[in-house]
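Working notes, beginning with the structure itself.
We just call them A, B, C and D in the order they show up, numbering each chain from 1.
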Amino acid sequence: MKIGFIGLGNMGAPMALNLLKAGHQLSVFDLSEAAVASLVEAGAERADSPQAIAGGGAELIVTMLPAAPHVKSVYLGDEGLIACSRPDVMLIDCSTIDPYSAREVAAAAASHGNPMLDAPVSGGTGGAAAGTLTFMVGGSAEHFQQAQPVLAAMGKNIVHCGDSGNGQVAKVANNMLLGISMIGVSEAMALGVSLGMDPKTLAGIINTSSGRCWSADTYNPFPGVMDNVPASRGYSGGFGSDLMLKDLGLATEAAKLARQPVLLGALAQQIYQGFSLQGNGGLDFSAIIKQYTRES
Amino acid sequence: MKIGFIGLGNMGAPMALNLLKAGHQLSVFDLSEAAVASLVEAGAERADSPQAIAGGGAELIVTMLPAAPHVKSVYLGDEGLIACSRPDVMLIDCSTIDPYSAREVAAAAASHGNPMLDAPVSGGTGGAAAGTLTFMVGGSAEHFQQAQPVLAAMGKNIVHCGDSGNGQVAKVANNMLLGISMIGVSEAMALGVSLGMDPKTLAGIINTSSGRCWSADTYNPFPGVMDNVPASRGYSGGFGSDLMLKDLGLATEAAKLARQPVLLGALAQQIYQGFSLQGNGGLDFSAIIKQYTRES
Amino acid sequence: MKIGFIGLGNMGAPMALNLLKAGHQLSVFDLSEAAVASLVEAGAERADSPQAIAGGGAELIVTMLPAAPHVKSVYLGDEGLIACSRPDVMLIDCSTIDPYSAREVAAAAASHGNPMLDAPVSGGTGGAAAGTLTFMVGGSAEHFQQAQPVLAAMGKNIVHCGDSGNGQVAKVANNMLLGISMIGVSEAMALGVSLGMDPKTLAGIINTSSGRCWSADTYNPFPGVMDNVPASRGYSGGFGSDLMLKDLGLATEAAKLARQPVLLGALAQQIYQGFSLQGNGGLDFSAIIKQYTRES
Amino acid sequence: MKIGFIGLGNMGAPMALNLLKAGHQLSVFDLSEAAVASLVEAGAERADSPQAIAGGGAELIVTMLPAAPHVKSVYLGDEGLIACSRPDVMLIDCSTIDPYSAREVAAAAASHGNPMLDAPVSGGTGGAAAGTLTFMVGGSAEHFQQAQPVLAAMGKNIVHCGDSGNGQVAKVANNMLLGISMIGVSEAMALGVSLGMDPKTLAGIINTSSGRCWSADTYNPFPGVMDNVPASRGYSGGFGSDLMLKDLGLATEAAKLARQPVLLGALAQQIYQGFSLQGNGGLDFSAIIKQYTRES
């Protein structure tokens, strides 16, 4: 299949490589020449602009961009991807953006005759490289069916979440809960240990009780409780605090537009913002437990 | 074994019954005559006071009381259970109280020569009746070993949490996290649904993603997502909101004494307090999602 | 002076009337024909579009619009007010919007040669009618000097806050603090009264102590403490809860862009959002105390 | 008048000195021998115990103690001040404690025939030395009248707050609001400055607008905005963060017992607890703004 790919950053580059490996023919674009060169070396064709990709015969175009303004700027307008694409070229945006923006872009695509899916991912750069990402996909069931083989070349778990924008809804709802849980686990672990408990014993009890959650049993933030998690290697690697901060910002923004209160979600965002202000935005998001422990 | 049992409320009565069923000889006390009569009918012996139990030859005494002031009043002082007990009678307090009070009572017991365990439970009245409670036990490893057969008559999961008070620490830490998680799930589910997602689809995604937690996959608060949970029967039964409020109060009180911040924990307590002020304290604690949804 | 006025809502209409009263020649535009007709009856000239105002010889144009998207849509683009205005026509936007949008529009004006001020107001519809508004003005000192006589026809307190956008900064910072203070006073009054104090006595003490603030001494939310405030007439009139919610949303949005934490500000926003969800958005913002008191 | 004084700490010692200066005859007790010696040098009589003061003919006894457990231990029990005092000796407790404990002690005094007042102060060590404290007094109007001349020797503003415990209610309600306001001002000032405003200009606008409050116009936390406040001398002196933390703890504890939600109050407590955990408890409470500013 002839596929265009726009956005070759930490996530986009390995995703594009997996499409190449699956035998697809790829034309790629990124503002970074180095990123493009690396893909070209792997067998992709260079495109000089998003418009060139749209005009170059791609049957399907994937985008992976930093935030909603980039997505709108690439897709919309007289020079945008939608205007320059042949109708019926399928458009798949894998960026994580707010659901309202995703729906605005999808509506523009629909009125131009282009099937479109929002398909944000989880799984991090590791999952992107290994081709084990989870895709949360919004759009019609028919378009979801059509896109599944392509997405399956990049991920393992491809979930249809409902109509346009619902991929983004699933992602912001899940990640808001994740941010709340991680802070909750941090408070519970730090409290229990300061009251005299052994951290491994406490984690063991929580993990078999009603406090059980992914942040405690798979990604515990207390140093030394689990091997092979960021907490056991100085909070390097993993999912950065500033990325969690971005997702919490998307959640509270979506909640504002939906006129929906999110008390813990908003407080979680502010706690991560305070952590970032102190210069910790580059640490894994489980490092938030440092806000609750005395430095030794 | 000759066992004394003090406190025959919703939890204590079925626990005492399970000790009888296991073949132990029981003498019981409660301020409610009806509660005592019911146990006596089942084969227990009536005692007229805690002192009578202590003086009546019990080898082990179990207490199940509402709060720390009751525990202190029963155990401490010249007329207290400790002063009136033969040294080496084992004392097991199953009440949920703050760790500091638990340690104060355990220290008094130790100086009188009595082995003592704090052993708060989880599992609710259903678990108490079925004998499937979880016991979180604080005290020495030796005393834990001695008490295990007795506790096993009332519960399924008997966990040693470390020294005196640590049973209470485990319980307040776990339940604080549970309260945070339940509100977090409520916010995430209500947000996702208000943004257009189907609640079962959203729960399915969360339950296989990083937002996964007991409050979402075992006790989901959104009506209709799961069968056989309080959310699907008008939030009746289960673990009452005012009991969650009590446990969050114990957690923030313990955090204050430990000089430990708990931002989400404290906010969770206040959210449940506001819910209780509106007259909802008797509903199951998953009903907190009503704070986030429009009444239809 | 020949002045254009765009946006004749609850605030804009009385502001425009005051400009007429001060002897200025006015051309006006609004999407509502009724709003325009009412001003025309008072002596203004009708314009058929913002472009007509820009092209009609106005020396100065005032806008009073609901939110940032309206402001951008009116000012920017090929058909926008800036593109259609003679260079050196002064532009004054009195809308309350986020500082970043205000600066974006001011920069566009500057590059077209138009002096521009952001001048959000406080004082409500009463102050707009009486001509006693406070204007918080961002822009150069020279432009501030030039605009002052015009603003003085609509307000009493005209404050220069610094460069472009700083009028909006002052407003969002002040109003975020106001929202926090009003909830703080509500919590303190409700707590004190539930603990047995007379509300007037408590207010008297707070107002002469370190808790003193505008929300307590000028606009007390507890019913019966002060005359002539919304709390003493069922929370009608005044500054609506949904307007406070909008301003708190602007504050947290600006904080997000500035990467600045605002824990109490974000929680205040969510508390007002919950209040609005329950159908109370139309009540005066001091009605938030209802979240803290038992209905009698 | 023959007065007993128990508790000669940072506040108690200068208060006792002012009673001496006013011509009263004083017998004093403190656990610290140095504190007693200093008062004896100034003309007071040494007492060896609280009981000695009660038995020594004092017509009125003032206590100034750190927390509720000390107050209960001094007043209650067979050896307590109440049991050892002649009926009709007036007892005045100036400690800051929770209203429930104050009422418990006052009830014990009443049943022994002793008039009692709770009379916590504000004004700090400076006000204690200068005799300009504010006394918030709970108890009967008659007893308040009788005590007023004695309190007037130590303070300037003597306010009757209603029945027993209401002095404490007024203090916890006011100080909870103060903690909220100080954090609110810190968030608003830090946000405004990070968005580009001059701090003095912003404070000037807030102080003449609806955000006006004591924390902004009398004790502004932003360095350089006001002279002669802790913010302009490295946050030394003033009212320590750990004292604010104690008062917020009293407020949330009282709220828990009154079953009253205090969302911002509880969050303020946790923010100060986090600040204290980082080692800042000894700084003035306006230093909380450091949580919101980048260290230069």
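Assume contacts are C-beta pairs under 8 Å (C-beta built on N, C-alpha and C of every residue); 3 or more make two chains touch, one makes a residue touch a chain.
Fair warning: this is a prediction, and the values are worked out from it, not measured in the lab.
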{"item": "Clusters that remain linked by touching, chain B excluded", "value": "one piece"}
{"item": "Copies chain A and chain C touch via same or different residues, half shared test", "value": "same"}
{"item": "Taking each chain's C-alpha mean as its centre, the one farthest from chain C", "value": "B"}
{"item": "Distance between chain centroids, defined by C-alpha means - chain B, chain C (Å)", "value": "51"}
{"item": "Euclidean distance of C-alpha centroids - chain A vs chain C, Å", "value": "37"}
{"item": "Whole-Å gap between the CA centroids of chain A and chain B", "value": "39"}
{"item": "Residues within chain B bordering two or more other chains", "value": "255, 259-263, 267, 271, 274, 277, 291-292"}
{"item": "Arrangement of touching chains [line / ring / star / complete / other]", "value": "complete"}
{"item": "For the chain A and chain C complex, residues of the former touching the latter", "value": "249, 252-253, 255-256, 259-263, 266-267, 269-271, 273-274, 276-277"}
{"item": "Residues of chain C defined as touching chain B within the complex", "value": "263, 267, 274, 277, 291-292, 294"}
{"item": "List of chain A residues in touch with chain B within their complex", "value": "99, 122, 134, 136, 157, 159, 161-163, 165-166, 169-170, 172-178, 180-181, 183-185, 187-192, 194-198, 201-202, 204-206, 208-216, 218-219, 251, 254-255, 258-265, 267-268, 271, 291-292"}
